[in-house]
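Look at the two complexes coming up: subunit A is in both, with subunit B in one and subunit C in the other.
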Partner chain A sequence: MKNTLLASKRLAISESGFVFDPVSGQSFSVNETGLVILHLAQHEDDLDKLVEQLAEQFDASILEINRDVQDFIYRLKGFLK
Partner chain B sequence: MSITEKKPAWVAPVIVRHSSSGMNKFGGVREAQFRNEIAGVSIAELVEKYGSPLFVLSEEHLRQSVRRINRAFSTRYAKVRQAWSYKTNYINAVSAILHQEGCDAEVVSEFEYDKARRLGVPASRIFFNGPHKPRSALAKAVKEGARIHIDHLDELALLEEVANEQGVLEFPVTIRLNFDTGFTENWGRFGFNLENGQAMEAARRIAASPNLKLTGLHNHIGTFITDPRAYTAQVGIMIGFMNSVEAATGCTITTLDIGGGFASRNALQGVYLPPEQITPTAEQYAEAICGALAVGLKNREQNGKPLPELILETGRAVVDEAEWLISSVVANKRLPDGRRAMVIDAGVNILFTAFWYNHEVRPARPVEGIPEDTVLYGPLCMNIDIVRQSVSLPPMKTGDLLSFWPVGAYNNTQWMQFIQLRPAVVLVRQNGQVDVVRRAETLDDVENPEHLPIDLQPNFS
Partner chain C sequence: MSLTIAVTGMNARADNPGPGLAVARCLKESALAPRVIGFGYEALDPALYHRGFVDRGYLLPYPSHGEDALLARLTELHEREHFDVLIPCLDAEMQSFARLAPTLTGMGIRTFIPNSHQLALRSKDRLPELAAATGISSPRTQAVYQANFFHTCEAQGWRYPLMVKGLFYDAKLAYNADEAVAIFHRIAGEWGVPILAQSWILGEEINLAGVGDGLGGLAGAVMMKKRALTDKGKGWAGISIHDDELLFAAKRFCEVTKWRGGLELEMLRDEQGNLHLIEINPRFPAWIYLSAGVGCNLPDLLVRLALGEQLLPTPPTPAGVLFIRYAEEAIVSLADFENITVLGETLRFGALA
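Moving on, here comes the complex of A and B:
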């Protein structure tokens, strides 16, 4: 988790949700929530804290956000490895 | 709390990789297509009232579908009858609507025969196909005057015996033929082969019997036939055989039954063109078939023979597009290989056609977010229970509804009571009213035929 969050710092992120990984040359699309997470991850590599910050911004339970963010990061991990 | 203070709703985050085939960065970021109603009735309300999963039939769609086929043929050939292929969907409400629309019945077992009779179909309007018609079924069908399609020589002998027992003379019968059209694989296991002379031999046996009289020819070239030229070939071959058999035995053929097989707008797995592009219309099939009839029967009436009645046993193309299956998302999962998966409450137990179709799958509400390739698993604790190997769906929450279409053909008959009970089937009437035409099964429905010997009752006290 933590390593993936750290790795995500290398990504070039555009405001339209277009994401480029200079290491692998891959590009991705993220939705708005994905964009928020990647932005937060530039400064936050602790998953729990990241989830707390999201819960302040969005109308959903910590549980739901936590599950969705974990899923997102697993997915990212698969791409960045 | 005032509106300005309200936090935005949480939408699950999504990331998709751009493939090298160049999916552009905006390509996936659209609102997925959704379907929130069926024949004007809200899907969410249907599920709230009748549960999930739920089969939903549309009376309007069904009637329009059978009428369109009827119109396509009756405007091109003078004598056409549709015989509803019961095995495709024999929910009584479906068969009843089709009989109201003028369809006869096509049955392939004693069970289906009894079902049609119970619904009030006169035996003379039942076409009785199938490789297994036990003596009791044949006796009933002869007594009541059904249209029997003979499948093999043993059946021919049994039928002759039965007719003889009842003192019936010249009982009109049809033989099922099989032959190579050059378009589809011949279903050689049914009926009498034309090329090797079996069919002519059967006709001679019938001609020699005082109890039977050959009046019809039947053939079914297969199912989901997407090239109408296959029917042109079929009709040509059947007319050729009709002429030879009439010349050889002195019989007169009054019906040509060309079976079923028209494709519906469903996507066969492994076919990459969309169904709108490969599925011929009713008019295209009619053109191919009636064109061949016009050519083949040009001089028939001059030669003192009647124009044969054309019988269609269309199943799939009549009913497939008139029914939807609604299912709920039970869980979201990430598979070890990174793919996204969902568990839904409808599996291959009720959506049998998931084995060969890629149904159209739509969320029941507009869902924002990037669609992602998703595997859809049913609720069965069985590895085979895959409703879809891969379908692009936006992020969805548990409880969200999905509709599957077209599902009208072969699901409500081939479904099985396995692990789960079977759900309700509702019919949206033309006036918007909703009728339950098959209620959801209960534990009692499953256990009623059973008997537990009293000494086997477990005692846990």
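Moving on, here comes the complex of A and C:
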């Protein structure tokens, strides 16, 4: 999880949600929420702090946001091999 | 006076192209602005007729005719065309050109290719040996001379699926012994033995094209991830990447072998993120035009090294530039086709002259 967060710093992220990994050569698209998570991950290595920052922006419980972020990072890992 | 550069590998077949046309295209777009002579082996090698990138096409004798026949033909063509540099582009001809290189130099034809010893070091059947010398991981590989190996190999610790590969070309994944035997006979029938058995590793293939400076350095490199494949597993589309570990592996390979000339590293990143060396090709790949596309024209670099120029280190290339291949038809007059069939050369003034 931590490694994926660190690896996400290398991503080229477009405001359209198009994302390119310059190491694996993979590209994919994310929705608006995914874009917010990736932008935060560019500056934040600590998962808990990232979830706290998201909780300030979204009307959802910490528990719910934490579960969604973990699911997002798990999917992201598949693109960053 | 402009340079004349001879390039082999004009077999630009759509599903499995030789690299010659892409090399010629890179050269035509370089500041060298050379005249390009294309050398092919078949009258239907399409790039022989591509006047945009190849000014004149000639046929060479097949490698099976021997080096004397090859040298005689090169001598005859050099007297007519006075080429300054020769770039071989096909695996099967590299040993012949390596052995002829000193003679060609004496004739005034420069090459920038590995010697016979360097070529043998990267031979596919010696991959584990090379991997050990460079400290790069590689899958278990073994030369196979008899098809029966595939019925007994599991007792020696091999597991299906495994890759069955030709020494020069062709590779296919076999899921059981019967499939492996069928692939063995098909490849052996075309390219001879040995055939190689290689452990299969699940992962993502990444590639690097580069030029070794012959002194242990990597003069330039471009990295790529294939994004679409032909039925033969060749890249139909790809995207430039930047992978420090892949670059390190290429630098290490050049350092250990003192590699001189073009090369392609094929590596695989497994599920755990580890890199494995799958193959090293001793020439530019068919996707080499991407190097011009990212601003690091490797055939241009190779020619400059062949000419003895002192080069500055090339800057890192940008990631995220794609190539997408397409097929097009060359229109060839009957007179041009007749000329190459009968005389082994295209007409001087073009396909539709």
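We take it that the second predicted complex is superposed on the first by the 81 of 81 C-alpha atoms of A that agree within 3 Å, B and C clash if a C-alpha of one lies under 4 Å from a C-alpha of the other, contacts with A are read in each partner's own complex, and residues count from 1 in each chain.
The definition used in the following text is that contacts are C-beta pairs under 8 Å (C-beta built on N, C-alpha and C of every residue); 3 or more make two chains touch, one makes a residue touch a chain.
Everything numeric in this text was worked out from a predicted model, so none of it was measured.
When the shared chain is aligned, no partner comes close enough to touch A:41: not subunit B, not subunit C. In the superposed model, A:57 lies in contact with subunit B only, and not with subunit C. In the superposed model, A:25 makes contact with subunit C only, not with subunit B. When the two complexes are overlaid on their common chain A, residue A:5 makes contact with neither subunit B nor subunit C. Looking at the shared chain after the overlay, A:17 reaches subunit B, while subunit C stays out of its contact range. Of the two partner chains placed around the shared chain by superposition, subunit B is the only one that A:78 touches, whereas subunit C remains out of contact.
According to the touch criterion, the shared surface of subunit A, contacted by subunit B in one complex and subunit C in the other, consists of residues 26-27. The part of subunit A that touches subunit C in the complex is made up of residues 12, 20, 22-27, 81. Contact residues on subunit B toward subunit A in their complex (touch as defined above): 6-18, 25, 28-29, 332, 334, 338, 340, 368-370, 395. Those residues of subunit A whose C-beta lies close enough to touch subunit B in the complex are 16-19, 26-34, 36-37, 54, 57-60, 64-65, 68-69, 71-72, 74-76, 78-79. Against subunit A, the residues of subunit C that register as touching in their complex are 203-204, 206, 224-225, 227, 238-243, 269, 271, 273, 319-320.
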